[in-house]
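In the two complexes that follow, chain A is the common piece, with chain B as its partner first and chain C second.
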Partner chain A sequence: MNYFQLFQVPAQFDLDLTELGTRYLELQRNFHPDNFAAGSERDRLLAVQQAANINDAYHSLKQPLLRAEHLLALRGVKISHEQRSFTDTGFLMQQMELRELLGDILHSSDPYALIDEAEQQIQQQKNVLLKLLAQALEANHHEQDLQAADIIRKLKFFFKLQHELELIEQQLQD
Partner chain B sequence: MALLQIAEPGQSAAPHQHKLAAGIDLGTTNSLVATVRSGEARTLQNAAGDDMLPSVVQYLADKVVVGKAAIAAAIADPHNSIFSVKRLMGRGYAETVAQAQQLPYLLVDQQGLVAIDTAQGVKNPVEISAEILATLADTASQTLGGELMGVVITVPAYFDDAQRQATKDAAKLAGLNVLRLLNEPTAAALAYGLDSGQEGVVAVYDLGGGTFDISILRLKRGVFEVLATGGDSALGGDDFDHAVVQWLQQQSGEAQLSHQSLRQHLQLARQIKEQLSAHDSYAFELPTANGTLALSLSREQFDSLIQPLVRKTIRACKQTLRDAGLNADEVAKVVMVGGSTRVPLVRTAVGEFFAAEPLTSIDPDKVVAIGAAIQANVLVGNKSDTDTLLLDVIPLSLGLETMGGLVEKIIPRNTIIPVARAQEFTTFKDGQTAMSLHVLQGERELVDHCRSLAKFNLTDIPPMAAGGAHIRVTFQVDADGLLSVTAQEKSSGVTASIQVKPSYGLSDDQVATMIQSSMQYAKHDMQQRLLREQQVEASRVWEAVSAAISADAHLLGSAELLDIEQALSALKVVSQGDDTAAIKAAIDKTNHITDEFAARRMDNSIRQALQGHKVDEV
Partner chain C sequence: MAYSEKVIDHYENPRNVGAFAKDDPTVATGMVGAPACGDVMKLQIKVSADGIIEDAKFKTYGCGSAIASSSLVTEWVKGKSLDEAALIKNTDIAQELALPPVKIHCSILAEDAIKAAIADYKSRHGS
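Right after this comes the complex of A and B.
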């Protein structure tokens, strides 16, 4: 299913999220199963499926990584989930350094300073990659689409680091 | 454009005819039923003039007693008087026995599920809850003078799939048509009318008899979004009572209490708790084996007894806010629900934590039922111009068991429902034709720490080389939070059969058998009921299709329209007879003949929706 078509927004990476949110609510107002609670069994089933599709589409379009993946899938490029080795040594070094930084937080005398530092670094790298991703996707050529797929794989590492950082912060607060 | 004039005497075709619907708060300690009349939602009173029906069921050899009378009998007949059955809904025998040293019943293992041995034989929680629901429905239909078209039943937001399913099964057993299972906190916010004109974040703090829920909702232009829910399905005012009972036991020095005196102590504890909500101290007499003991408890002492429990609720508030990504000062309003929020310490602690004066103007015992009634009125179709949209989330993550006893999350908690997520699996042996899956619910990483929902056996997989078959398993959670699973082999398109073994639930067959055995003149009543069910479904289909034709006939060719109209009139004729199978066949035929039409309407209405037109304006 083409999620961009479902929401009637242009099939591009750069989306107006406010407009997307408004479209989402308009769709749910019409298709939420609550509108069919007194309806026949078939109508109720259809409504559940339709509302689930709408939720799924919104979930995918809202988040930049999933949106990019969906856009690439529509263009015939699938992000494979299997392990792929990176040849970009600069990227690998950077990952290792960030991991070390995260590992130090809990033993540090000033953990929050380290958290801030890690957060800043991750955010900065993410922003750089997201900008590159937007550029690659805008070109809409197969060559650049393959580059975009590589950028997505890298971004996933940063999103994962960010999640781990949040867990560490929670651990500290508890 | 009205192609068909829908006006059948006695049918509900007239759009202004008020349909009877009710909201039911099926509580741990008390249950209530409410309805909207003349635009106002109110709880309904039974013949004795009570709003609140104590959720207590007593089984006597020749009859079943529900409510106040059952409480009165409880001291003399503890084994057969079932309190707080909600705590047992969707629970396994082993886990209940492990937690429930203080339950005075004879617990029985019913194929892994917990059940209770009573004077009328073994009764499971679904059957016991059905008695409470049926009593409430009686109250409603007697007061309203007619049969209920549908009900909304509330459940704690924290309820897992098994507990929700059990609630729905109980309604089915009681002969009720469930329009929706609604989360209690959402109902409470609806009761305060927070859906209209209000914007901002609302926290609903619901401390009932047996469950604690905290929900964080966001209201924006009529949209009700549940941002996060949390709580504890085994913490409530009953625990306050137990804390007092323990204190009483310390005072009397009695190490062991008989079932009967445990009951007495519990009743006294409740009385003490209620008195201390209004007074600074309370003097009372405690009957013991060696005579009566004159005692008194101050509010300060009481507060220190329950402090650990209250603190536990605040910790859950903190965690849930964190899930919602908010700070306590971003919460604009706090709604108080449940009788236990009358306890002064609870109000103070909640007010301090959220730095906001909690809303208490609606009776905290009635607020959930009132909200459910408002929603039931909308869902049954009495109020079509409503602008409220309730977007709910799944309270606990759904996952699958993977190698090494780990759980892989398929649908994370707080995902908006309905939702469908698919996962692909492959075979690991040549010619493999079956595969089993274990579905769990919970937040922990180990299978042992999550709740087992069901085991599925996929069979009829076409034999292929190892890794050749790609089985796509789809998990769908509906608006009630209930899970269903389907599977399909992708390359061949063969739908693999699924055999479901619910870990803590009843299979459809078991529910059917229970319905059958609950009928006094089983066979005749059963047939009557099946007939009635098909007739109701037939009228729903007839109304839905008729409405669809009058709205969207332009999507049909004239031959198609003729076919559908013929099927409709055939359906109408057959549904007035008493041949259940023929009615079912006519429904199936109508559904089949309108499948394509339904799909076209769906596509069409998506386009309409985004052009700013509502479907029913066409």
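Right after this comes the complex of A and C.
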């Protein structure tokens, strides 16, 4: 299913999230199961199915990584369920170092300074990758799409790091 | 989700955690990652002159199954030749640790890590 079509927004990475939110509320209203309460069994089932599609689509379109993955899937590059290992050694070494930095936080005499440092590094590199991702997807060529897929893989590691950092901050506050 | 006893054992008492000196020419390193879960795995082997893996160490950031898979592989490869170690299959790891289907990718990661370490050794020793 083409989520961009469902939401009648352009099939591109750079989306107006306010417009997306408005469209979501409209669609949700139109396909609310209550509207079909008097309809046939088949109509009711279709409405339920469509309501589920709308929720899935909104969930995917509003998050940059999922949106990019969906866009790539529509262009024939599917990466969402791949089990292939990522083997860019230089990138993984850097990930290891960031993980080690995160690991030091809880034993540090000044944990908040380390949190700031990690946060800064993660944000900075995430932003660089997101910009590269937007550029690669904009090109709309197979070669750049493959590059985009690789950038998404890298970004996933950074989103995971950010999540880990949030968990550490919570632990620190408890 | 319940972990098997073997996974818990490796997770609580991981074997061979650590790293060898980077500049040791008998050491080779395999680095692999799984974008889907953000896991990062480093597996190092120390190889004797006659091509036998004398020692192995790992460092893994990931879930219990990923840690257990890499811990198990470091145990399995010790004493094996490079060619024997290259035959380790993810299905053997998954079976030994009784990994559920959603954790099979952790065993794939461990298989790919040992393969990457062997490839690293071979590329640096020209065989």
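To be clear about the criterion, the second predicted complex is superposed on the first by the 152 of 174 C-alpha atoms of A that agree within 3 Å, B and C clash if a C-alpha of one lies under 4 Å from a C-alpha of the other, contacts with A are read in each partner's own complex, and residues count from 1 in each chain.
Quick note on the criterion: a contact is a pair of C-beta atoms (placed from the backbone, for glycine too) under 8 Å apart; a residue touches a chain by one contact, two chains touch by 3 or more.
Since this is a predicted model, take the numbers as computed values, not measurements.
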item: Contacts of A:H107 with chain B and chain C, given as first, second, both or neither; value: neither
item: Partner chain in contact with A:K78 - chain B first, chain C second, else both or neither; value: neither
item: First (chain B), second (chain C), both or neither touched by A:H32; value: first
item: Partner chain(s) touched by A:Q170 [first = chain B, second = chain C, both, neither]; value: first
item: Which of chain B and chain C A:K160 touches, first, second, both or neither; value: second
item: Residue contacts with chain A in the superposition, chain B compared against chain C; value: B
item: First, second, both or neither for A:N55, with chain B first and chain C second; value: first
item: Partner chain in contact with A:L46 - chain B first, chain C second, else both or neither; value: first
item: Intersection of the chain A residues that touch chain B with those that touch chain C; value: none
item: Residue ranges of chain C in contact with chain A within the complex; value: 31-38, 40, 42, 59, 61, 104-105, 108-109, 112-113, 116
item: Chain B residues touching chain A - in the complex, by the definition given at the top; value: 19, 149-150, 179-180, 221, 223, 322, 378-381, 389-391, 415-421, 476, 478-479, 537, 540-541, 544-545, 591, 595, 598, 602, 605-606, 608-610, 612, 614-615
item: List of chain A residues in touch with chain C within their complex; value: 82-83, 85-87, 89, 91-93, 95-96, 99, 152-154, 156-157, 159-161, 163-164
item: Residues of chain A defined as touching chain B within the complex; value: 6-8, 23, 25-34, 37-43, 46, 48-53, 55-56, 58-59, 170
